[in-house]
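What follows are several structures.
Both complexes shown next keep subunit A, but they swap its partner, so subunit B is in the first and subunit C is in the second.
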Partner chain A sequence: MKTIRIEYFAALREHTGLSSEEIATDAQTVDQLYAELDGRHEFPALGQLKVAVNDEFGDWQSGLADGDLVVFIPPVAGG
Partner chain B sequence: MTEPDPVRYARQLALPQLGADGQARLAHGSALVIGLGGLGATAALYLGNAGVGHLVINDYDRVDASNLPRQILFQPDDVDEYKTHAAAEKLRAYNSKLRVSVLNRRLAEDELTDAVSACHVVLDCTDNFATRLQINRACAAARKPLVMGAAIRFEGQVGVFRHERDGPPCYQCLYSENDENLDDCAGQGILAPVAGAIGCLMATEAMKIIAGLSSELDGRLWLYDGLAGTSRSIGIAANPECPVCHPGN
Partner chain C sequence: MSTFRFVRGSVSPTDHLGSLRDQACGGYVSFEGWVRNHNDGHQVQRLEYEAYENLGVKEGERIIDEALERFQIEHAVCVHALGDLALGDMAVWVGVSSHHRDAAFGACRYIIDEVKHRVPIWKKEHYTDGDSGWVNCEACASAATRSPPASVSGG
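Here is the complex of A and B:
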């Protein structure tokens, strides 16, 4: 079990009503964490989200360590 | 090229990081602004007013009344005019020393690369991933720095990609053809000053590049959540399998 801090940005922050939360999880990778969170929050379809671990963009297979900070970021292309 | 007007630019000349040398670099500098929406119309206004000597502006749309809240370069009389034509007239009125060139068409890949090659810095102010990826490729081919901005709803992003250097990440290290356009401004709303804020940040980064000032935003994406009133900066790792910045793989 590890503790992961998740910060919610933009549309995900609005959807969850949370700017951040800390969860205890057995998720090994970012996509496992996302699936667990999706089960709780039922995230809306937002296109292909980007994910950052400790303020660096990573991929969905990135491993997680105790104390990591994870941010999911909706894609933006508008101008 | 005459010296920058010491009265007009007094408050920038007073910046020790910029000074007379930096202002002169701006006067001799050029920027290609692609897309004259909420980002580009704002960025172009600041770049032209603040002393960048030559702006090349590219769009093929006409001004629509629904553009006016955020595309503050345009006024009601400009509705139905080509954006490039209206913008050039306004930019010259704001700063008579400014040279403005107009590209009033959708640029093919080779035309885009030529236009990119002729400028010091490129501002991607467009509204879809396909065009953004095309601009990134052109900047890589011409080895020109790219300032990318995007905005929708209350959110904005700014990234700086130093294609003239070896090693930094590029736009395609982050976004690819698989990313979807769920968010163009017509399909969803946007708060007008959010687009302006991102346009101003893009102008700031472009001027720093021309003036030779370093930036912590190089190779990072700055995210703004205007509804929450928060921002953060996320690092982008160069992707060793990126077909644009690591084409040997």
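Here is the complex of A and C:
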């Protein structure tokens, strides 16, 4: 088991009602973590998500370590 | 000071021009993005911007660094607003200074285009009919049918 912190922004923050949460998980990769969280929160279809691990863009197959910060990034709309 | 900055509320370019002043530069080009009163057939009343700031500043600085590499410019800065904005407020500003104007025009266009595509910033529009929605959000635009993100399913 490792502890992972997840921060939520925009549509995901509003959907979950959370700015962040910490969970204990056996997920080995980012996509396994997403699937586990999707089971809890039933994320809405937002389009193609990106992911960041520890404040850098990551890969869905990125491995997870205890204490990592993960952010799922919905399609952006700056400007 | 960072070359990419977030500020609360409307951007004031004069607060940031000092980063561009250089007696070797004969040209300054800027882009101002303003909050407009319509989008996609909706009448917009106001906007909210939200960002993943830690990653946003890093990605924004990378874009500025790319512009400094690709174009013959001396200085470039981008500032993006966060929080509640009213119609006419300045949501984003890009400033570029260079020895000659051509490079500054090109770099300014490059920076605003990349910022809009890459920096983790989200815009929520509030409409005059009382509705609201996150821009570029599929589930907000139409009745959601649940599916995994395309990149998870190998896309």
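By definition in this document, the second predicted complex is superposed on the first by the 76 of 79 C-alpha atoms of A that agree within 3 Å, B and C clash if a C-alpha of one lies under 4 Å from a C-alpha of the other, contacts with A are read in each partner's own complex, and residues count from 1 in each chain.
Note that a contact is a pair of C-beta atoms (placed from the backbone, for glycine too) under 8 Å apart; a residue touches a chain by one contact, two chains touch by 3 or more.
Quantities reported herein were computed from a predicted structural model and do not represent experimental measurements.
In the three-chain model built by superposing on subunit A, subunit B clashes with subunit C. In the superposed model, A:F9 lies in contact with both subunit B and subunit C.
When both complexes are overlaid on chain A, the residue A:S19 reaches subunit B alone and has no touch with subunit C.
In the superposed model, A:G47 lies in contact with both subunit B and subunit C.
Of the two partner chains placed by superposition, only subunit C is touched by A:W60; subunit B is not. In the superposed model, A:I73 lies in contact with both subunit B and subunit C.
In the overlay built on the shared chain, the residue A:D38 is in contact with subunit C alone; subunit B does not reach it. Within the superposed three-chain arrangement, the count of touched residues of subunit A is higher for C, of the candidates subunit B and subunit C.
Stretch 219-227 is the one among 3-11, 57-65 or 219-227 where subunit B clashes with subunit C after the superposition on chain A.
On subunit A, the patch touched by subunit B and the patch touched by subunit C overlap at residues 7, 9-11, 13, 46-48, 50, 52, 55-57, 71, 73-79.
Residues of subunit B touching subunit A in their complex: 35, 37-40, 125-129, 132, 149-157, 174-175, 178-185, 188, 190, 195, 221, 223, 225, 227-228, 230, 232-237.
Residue ranges of subunit C in contact with subunit A, taken from their complex: 33, 49-52, 54-55, 58-59, 80, 91-92, 112, 115-124, 134-140, 144-152, 155. Only residues 7, 9-11, 13, 31, 34-35, 38, 42-50, 52, 55-57, 60, 71, 73-79 of subunit A touch subunit C when the two sit together in their complex. The touching residues of subunit A, when paired with subunit B in their complex, are 7, 9-11, 13-14, 19, 46-48, 50, 52, 55-57, 71, 73-79.
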